[in-house]
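Two complexes are shown next, each including chain A; its partner changes from chain B in the first to chain C in the second.
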Partner chain A sequence: MENVLEIKDLRKDYEGFTLRDVSFSLPRGFIMGLIGPNGAGKTTIIKLILNVVKKSAGEIKVFGADSLENEVVVKSRIGFVHDTPFFYEYLSLKQLKATVAPFYKNWDDDLFHRLIREFDLPLKKAFSKLSRGMKMKFALALALSHRADFIILDEPTSGLDPVFGRELLGRLSEFIQDERKSVLFSTHITSDLERIADFITFIDQGRIVFSSAKDEILEQWGVVKGPNELLSEDNKDFFRGFRKREFGFEALCSSVSEARRRFGQRVVIEKPSLEDIMFYMTRRGKDA
Partner chain B sequence: MLRLCRKDFIACRWFWLLALVVYFLYGVISIKQDVAFMAVGVALLLGLVALTLVVEDRYRTEVLFCSLPLKRSTIVRSRYLLSGFLVLFGGLIVFGYRHFLYSLDKVKALSTNPFLHLTLEELLGFVTLAAFLICLFYPLYFRYGLGKGAFLFTVILLGLLITTIGITALLSSWFDTGDLFTLRSIAKVKDLLGPPLFLLGAVALNLAIVFFSIRLSIRFYDQRDF
Partner chain C sequence: MGSLILKDLIFNKKFILLIGIPYSIYIGWLGSKVVSLREFTAVGAFIICIVPLLCYAREDKFKGSVLSSSLPVTRKDIVLSKYATSWLLMIVFYLLSTAVALVFPGSKLSLQGVLNIKMILIYLLLLTLFISILLPLLIWFGMVGSFVFLISLQVLGIITLWLGSTKLTKVSLKGLIAGIGSFFAALNSHLGVVGYQIFLLGIILLLNFVSFKCSEFIFKRKEL
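== the complex of A and B ==
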């Protein structure tokens, strides 16, 4: 399977924070969700892919080419939406389009205007006068209007109403319909990803915890609920994270079959949500 | 690069216009002194460049433009190109405005200016000073950003000014060459070399400054994180 994005041993050193040993890949035609708590390093990874921040070490390949050596070619095929839209806010949407469109050879003005109509955006209105949802819609319209093969979105649904959130997810699903386009989508709202993501990459404290197919994770992982006397040190190590309560424990395990073998009928095993996984994984080794 | 300049034009044209209006007012006040008029003119050019950067800094659009299919070196070069356009445009405004003011007899009577018409040394002095200041500022801006860069630029400029005044005073007391750093001294060099050689030398000096500054800025900007 051809990869649209390959990241290998990526590292970025900041004062007080290091993103390290980041390796994962995204096959063409799929949506990958990049999840993790605030400050985990999601935005840094996205900025590194776009060369907005400089890597300290490692390799980033986009469409099979080094993202720095072929920066212009690679970026001309990427559409992006940053978590905060960085536009001249006093300009109208029409003027903003005029500042961005000339940099893309494949810019499709008809498509842009179609999206503007569909998103119900006022072209003559100043960007600063728009609601956050409308701002994100405009950023998305810009990202889609040059017929990009790869869309990168950084927390696009954060702070938005659920209606727009759904609309955006629908757009992204439509976008990958031809199986040639791909999406990398960072968020801490995991319910978004449960609807549309094919792959999940989980990052915590600057390290990749796992990067796998979503269905694989949701099938193999489980939330185990049982009496506290089962929480031996050995079993604690088996769990990826656990929460001890007065009447029993809840824990996350990465192998349902192994949990069944270990505990048999003494526990209840439920399918986890991505939120469960994020919750337990960020508190690994702690009695949550 | 022209696309980036066009982007700046769309984003900053009204701010530039405002700067011009302010300049027209201050230009009248400084018309009595040729050096003051030139200094206000250079301040206009720096103001036009600074406005572009302030607007960019205010809305953090560097993040957007670094995400577009552009090399950082292209962004840097376009800044210099834009500054070149602004120097050219500002120069035309400054000298055109002075010409206009001198055409008014009442204003002309106020002036103590010995150069009633545009001279080669005056034009070169103006362009060289503007180019020097811009070329000094940009590497600091691309390395440290607007706030810190502007602060360091001011400190370095003050240092240079104090050093220059000190050296001038020293040389004046030793060799009686008080004109060393004035327009008259440029005229003297021109007379010594002859106009063609002088022009060639001045253009070469400007180009060398610009070239060196661009190289330094690209190197710095390539390491910046946003």
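== the complex of A and C ==
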């Protein structure tokens, strides 16, 4: 399978924070969710892909080519939506479009105007006068209008109402319909991803915890609920994270079959949500 | 690079129209009042080079560099476009201010005095000196950082002058300036008119090239 994005041993050193040993890949035609708590390093990874910040070490390949050596070609096929859209606030949407469109050979003005109509955006209005949701819609319209092969979105639904979230997810699902386009979507709102993501990469404290197919994770992992007597040191090590309560414990395990073998009928095993996984994984080894 | 220049011009359209052009007219009006061509050249060049720098300082406010760096261009292109846009604006403002200085009623400047190759080269050299120092600083430190740096230099200059006046050191600013003046005068007589003009043009190109390379070095390593 051809990869649209390949990251290998990526490292970025900041004072007080290091993103290290980051390796994962996204096959063409799929949506990958980049999840993790705030400050985990999601935005840093996206900024590194776009060369907005400089890597300390490692390799980033986009469309099979080094993202720095082939920067212009690579970026001309990427559509981006930053967490905070960095546009000149007092310019109208029409003026902003006029500044961005000339950079892309494949710019499709008809598509842009269709998206503007569908998103109900006022072209003559200043960017600063738009709500956050409208700003994100405009950034998305720009990202889609040059017929990009790869869309990168950094926390696009953060702080927005669920209606916009649904609309955005619908758009992204439509976007990958031809199986040639791909999406990398960073978020800490995991419910967004449960609907559309094919792959999940989970990052915490600057390290990749796992990067796998979503269905594989949700099938193999489980939330185990049982009496506290079962929480031996060995079992605690087996769990990826656990929470001890007065009347029993809840824990996350990465192998449902192993949990069944260990505990049999003494526990209840439920399918986890991505939120469960994120919750327990960020509290590994601690009694949450 | 054309797209980057266009982007910068659209982003700064209001600023150029509302600040840059009136400022150039003001300099032109001021120039029409002064007798000294040297003063008009020096003050005009300094003020004119500030306008593009202020445009880029505004970019800091909107984090425009993040947008530019996300677009399909290299960082080298971004720096090159900053120099190209700066020069485009400076030349337009220079022509505008000079035209105003010449046509304003009662102007003491003459067309031959202002628009001859020697004066144009000196003007360009002054613009080059200012922009080739200030633009790398702006890219490096941003507007506030650049001001802090320049004020520090001024303070250092004042201390140097004070030390010179107290005769604690043998630094003589007047002597230094006179020395530079004599050097250029000697060069002029030695190289002849054409040779001297080619020499000035060479310096202008060299300074711009060195400044661009410094800015490129800084910007390529900058975290946005």
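Criterion: the second predicted complex is superposed on the first by the 288 of 288 C-alpha atoms of A that agree within 3 Å, B and C clash if a C-alpha of one lies under 4 Å from a C-alpha of the other, contacts with A are read in each partner's own complex, and residues count from 1 in each chain.
Keep in mind that, in the parts below, contacts are C-beta pairs under 8 Å (C-beta built on N, C-alpha and C of every residue); 3 or more make two chains touch, one makes a residue touch a chain.
Predicted model only: the values in this text are computed from it and were never measured.
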Partner chain in contact with A:F80 - chain B first, chain C second, else both or neither: both
Partner chain(s) touched by A:P102 [first = chain B, second = chain C, both, neither]: both
Partner chain(s) touched by A:L50 [first = chain B, second = chain C, both, neither]: both
Partner chain(s) touched by A:V72 [first = chain B, second = chain C, both, neither]: both
Chain B versus chain C as contact partner of A:L91, first or second or both or neither: both
On chain A, positions contacted by chain B and by chain C: 47, 50-54, 71-76, 80, 82, 84, 86-89, 91, 95, 98-100, 102-104
Residue numbers on chain B that touch chain A, as the complex places them: 3, 6-7, 10-11, 55, 59-64, 66-72, 222-226
Complex contact set, residues of chain A against chain B: 47, 50-54, 71-76, 80, 82, 84, 86-89, 91, 95, 98-100, 102-104
Chain C - residues contacting chain A, complex: 2-3, 6-7, 10-11, 14, 62-64, 66-67, 69-75, 220-221, 223-224
For the chain A and chain C complex, residues of the former touching the latter: 47, 50-54, 71-76, 78, 80, 82, 84, 86-91, 95, 98-100, 102-104
